[in-house]
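These are the structures, in structure tokens.
Shared between the two complexes below is subunit A, which pairs with subunit B and subunit C, respectively.
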Partner chain A sequence: MLELAFFYMFAGLAVVSALGVVLTSNTIHSVMFLIFCFFNAAGLFFLLDAEFIGIILILIYVGAVMVLFMFVVMMLEVNFAKLREGMLQYLPLGGMIALALFIEIIAATGSGVFSPEGIPDPGHAAQSVNNTVEIGKLLYTRYLLGFEIAAIILLVALVGSIVLTLRTRKDVKYQNISRQVNVRPEDRMHKVKM
Partner chain B sequence: MTPLNFPLPNVVPLIPEMFVAVMGMGVLMLDLFLPKERKVIGGYLAILTCIIAGLLTVQIGMAETVSAFYGFFVQDPFSSYAKLLIYAGTALAVILSLDYIKNEFGVGEYYSLMLFAMLGMMIMASAPNFVTLYLGLELMALCTYVLVGFQRDVLRSSEAALKYFILGSLASGILLYGISFLYGVSGSFDFATIGAAIEHSGSGAHFALLLGLVFVLAGLAFKISLAPFHMWTPDAYEGAPTPITAFMSVAPKVAGLVILIRVLADALPALNVEYVTIFSWLAVISMAVGNLAAIAQRNIKRMLAYSTIGHIGFIMLGVIAGTADGYAGVLVYMTIYLFMSMGAFAVIVLMNREGIQGELLDDFAGLSKVRPGYALAMGLYLFSLAGIPFLGGFWAKYVVFMAAIEAGHLYLAIIALLFSVVGAFYYIRVVKYIYFDETRVAFEFVENRLMQATVAVTAVAVVAIGLYPQPVINICKAALGGII
Partner chain C sequence: MTWLDTGITAGIWALEILAIAVPVALGVAYITYFERRVIGWIQVRKGCNRVGYAGLLQPIADGLKLFMKETIIPTSANKLLFVLAPMLALTPALIAFAVVPFGETTLFGLWDTVHVMAIANLNVGVLYVMAISSLSVYGVLMAGWASNSKYTFLGAMRATCQMVSYEISMGFAIVCVLMMAGSMNLNEIVHAQAGGFWHWYLLPLFPMFLVYFISGCAEVARTPFDLIETEELVSGYFTEYSGMWFATFSLAEYGAMILISLLTSILFLGGWYAPLPFLDVIPGTVWLLGKTCFLIFVFIWFRATFPRYRYDQMMRLGWKVFLPLTLIWLAVIGIAIYTPGLSDIINFWRPGVGA
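The block that comes next holds the complex of A and B.
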């Protein structure tokens, strides 16, 4: 009973904050709503006995990704008036598509495939089951290939972001540190006989 | 705690993938030690990698079907043949880059990203499972986003990359959402298991399945730029460095089509009626958008972008047919398209003029008087793309149209025929510029032996396949093992 109450609290707040992400025009507020949404999603994972994923969600998404988002949003100067300009023009078409998708998703989820009868409740795991160990075992055996590919994707992301941002600009003055360190006194100072 | 005990997975089918991954990192490392004027060695290494990977793929054996890594990887004739096409497409695109990219910053990263993109496509071609499919797709997409925006100081390159990235991420999200519905119904990511689960699912699941199908198809249609999910194509093609445009027009399309066929044949055969209806419409829209919008283009890269959209529309006839002939037709079409498209882009890259490559249609005016050899080759590619009989492109169209007619889609074949006549207009218009107009702009031509060889080889291939298509068709039919 208590669990059910918690489920409805987390799920309801997640939906409300997700709506907040899209509907607020202030980007900072959007990011804050997104953080709140992640917290609630983490709460749902806790209810499913998936503590590891729940904590990872908070640590990585809230702790790292969202802080980065916040930085980006604060550094970009967003013109809110300009953002709203095209809004009315695209609203009829966008609204129609959104409504159609909404009805379809309601119809699909309401058709009974995803009901508790269709997907039996797995119940709670035993106290001795350690989430981290179990995930580690699966990750390095059954899902090894996916794990390795994900590693290469991370490498590509790293290389890609460096390629796109690191470049020498001709109009900026740089300090050549190795030249500064290697400088000798006799190059700089001349003793002149008076 | 018990020690972890598990059988070591069979890594033999993955040897080409592992080799390409190691070489990708190797090129990245080697670049650090090369002086500026010798950075091109990275490019030669990339070409060598494609060739050796091809030999490895053939050596490992193309005939049998082997599943590895707990069913997360499959090697069968279908994937092996697709990989050979991907190697060829990547190697040719690297050859086109050798001269183009030599003065840019980060040459080693460029070739390394191309190899990683190729790795992503290879993984896609061998994916028997939505997890592998998605990871391969993201690996490929991430590399192409960066490569499109590689010329950071060119405004349209950055703009194209940003557009491509945002729309691509949206498409990936849609694909994932669709996969989640299919997973919800079947409880598995494995194509075959999903296929079996759909067979036995009740009518209550039909709507959820349909939604999953639509989202998955929309996500994949974006990757192969099938209209109306093609919006990014003209901008990305125009803004990207020309060798990357050539790369994007062939290799990712092969990977996308192969994985589309695998998803349809293995996971969704029970939804055949639905997806045939969806694809029939998409194919018609694609043919219409591709062939009509291309007429209005003055930039040849944009024109070829719309041409790709049109050709994807034709190729979909093979997928819609859903028979052995249809799927073989898709492979035949991609094989021939590889030569036509790569050849045409090679000529564009060769016509170098201080920062601007022969990009406007006007630039081609009078090419025949300056460089009759290139003019002849370009003419052959364009006639072949238009589907003039007894060139490669004719047989490509013939095979898929016949497959569609035999599968009972006569009306689609007739529409496709009409649009290919419309398409012939804008291809032949370029030929008119080349042969019958006066020269307007003087060009410096890039003198690069490998690139000239590319033009020669692709032109000969287009003619040779046109005169004697049977071997290619037979090879493609043999490559269907594992799918049908």
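The block that comes next holds the complex of A and C.
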């Protein structure tokens, strides 16, 4: 019963904060709502005994990805009043997409695949089951290829982003720490006979 | 479970939380006193010694002073986030203590089994601490942005860059510990180091110990990495704060400092185990807190000794020195574990996994 109460709390707050993300006019508030939404999603994972995934969600998304979001939003200074000017113009198309998505979700939930009979409740795992170990075992055996491919894609993205942003300017004075440290007084000063 | 049981459980939780939060708050207050006295001693002067016996009431006087001060909110500030930011900074620093094991006890033989003195004994304890402490960035970012001043904003950017950079090398240093212990449970990491100081991870992971502690120093913005809050750079993100809200930021800083010291003792210095096995008659909590106090002293020692880093030097240290070093050590440990001759040596520190 307590679990059900927690589920409705996390799920409800997730939905409310997700609405807050799109409805608030201040972009910083919007990002804060998104962070709160991630927190509640992590709470839902905890209720499913998936503590590893819940913590990773907080660590990666809240701790790292959202910091980047925040940086970008703070740096860009998006004027939302200006962006909203064309709102009526896009309303019919946007409304239709929203309606289509909504109908799809209703149809999917009503199809019976997600009904309690379709997915039997697995119950709670024993206290001794460590899902970090279980996930690790699966990732490094059965899904090793997919895991490695994901790692390589990430590496390529990493190298790519460095190549794209690294610009060396010729007119900038560059400090070489080891050269600075190795400087002797004789290199800088020399006696002049007067 | 009846409502009465639920109530009792909730009451016990509340007591457990108070049992950790109150000492932490008191600890923070008296670390400021300790810090001033120690720095005074190092610099051959007295330090605060007027209020109360030997200045012992000084932290309370300071707290009272800050409490009585007026809270000024700039007119152009975003009021909600301006008030919320110190809370966002303090909360992660405090809730990270939930998984820290302070020792093991049978409550003087009252219980049959040994209980761990932690609010929550999580399987992912180390990750939890990492995740929660990475959240303190938001307090800083929000404070800088909500003040609506370019100096605080630049200060917040600087602080965030510093925290994010050093988190990475801290994470890799922890990964080395996890490889040795084979568990993310803080309790089991301590157990893996049982039996004298030669079993501590300090020995096989000595470079990681240094990286972790120095990165921790940068993470909580202590000298020599305190360019987040220096006067010459207009104090950084909390320039516009005053009174109690300002104090909340330093409360968070000192709380995080205690946490880093505790975690360093747990991960590298054998947690609650004595350096020599026969000294284990002294309760484990005393050892753990003793190690923590020593590390806090080292933090203060740093402050009294080192000049401040320049911003680019600090970034260089994080990205070009610590990050490669942790990656190399990760490879060294990994290769050692899977190389037939070397694995016998390294397995000495991996009791649960190896021989």
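The working rule: the second predicted complex is superposed on the first by the 167 of 194 C-alpha atoms of A that agree within 3 Å, B and C clash if a C-alpha of one lies under 4 Å from a C-alpha of the other, contacts with A are read in each partner's own complex, and residues count from 1 in each chain.
Keep in mind that, in the parts below, a contact is a pair of C-beta atoms (placed from the backbone, for glycine too) under 8 Å apart; a residue touches a chain by one contact, two chains touch by 3 or more.
Please read these numbers as outputs of a predicted model, since none were measured by experiment.
Asker: Counting only touches as set out at the top, which of subunit B and subunit C does A:137 meet: first, second, both, neither?
Answerer: first
Asker: Applying the document's definition of touch, where does A:149 land relative to subunit B and subunit C: first, second, both, or neither?
Answerer: Only subunit B is touched by A:149; subunit C is not.
Asker: With both complexes superposed on chain A, which partner does A:163 reach: first (subunit B), second (subunit C), both or neither?
Answerer: First partner only, subunit B.
Asker: Indicate the residue numbers of subunit A shared between its subunit B interface and its subunit C interface, in ascending order.
Answerer: Dual-contact residues (subunit A): none.
Asker: Using the touch definition up top, name the residues of subunit A that touch subunit B in the complex.
Answerer: Checking each residue of subunit A against subunit B gives 104-105, 107-109, 111-114, 118-119, 133, 137, 140-146, 149-150, 152-153, 155-157, 159-160, 162-164, 166-168.
Asker: Help me check something: in the complex, which residues belonging to subunit C touch subunit A?
Answerer: Result: residues 6, 78, 81, 122-124, 127-128, 130-132, 134-135, 137-138, 141-142, 145, 153, 157, 160, 164, 167, 184, 312-313, 316 of subunit C touch subunit A.
Asker: Across the complex, what residues on subunit B touch subunit A?
Answerer: Touch residues, subunit B against subunit A: 1, 4, 6, 9, 14, 21, 25, 28, 69-70, 72-73, 105-106, 109-110, 112-113, 116, 119, 123, 131-132, 135-136, 138-139, 142-143, 145-146, 149-150, 152-153, 161, 181, 184-185, 187, 201, 204-208, 210-211.
Asker: Where on subunit A does subunit C make contact in their complex?
Answerer: Interface residues on the subunit A side: 2, 26, 28-29, 32, 35, 51-52, 55-56, 58-59, 62-64, 67, 70-71, 74, 130-132, 175, 177.
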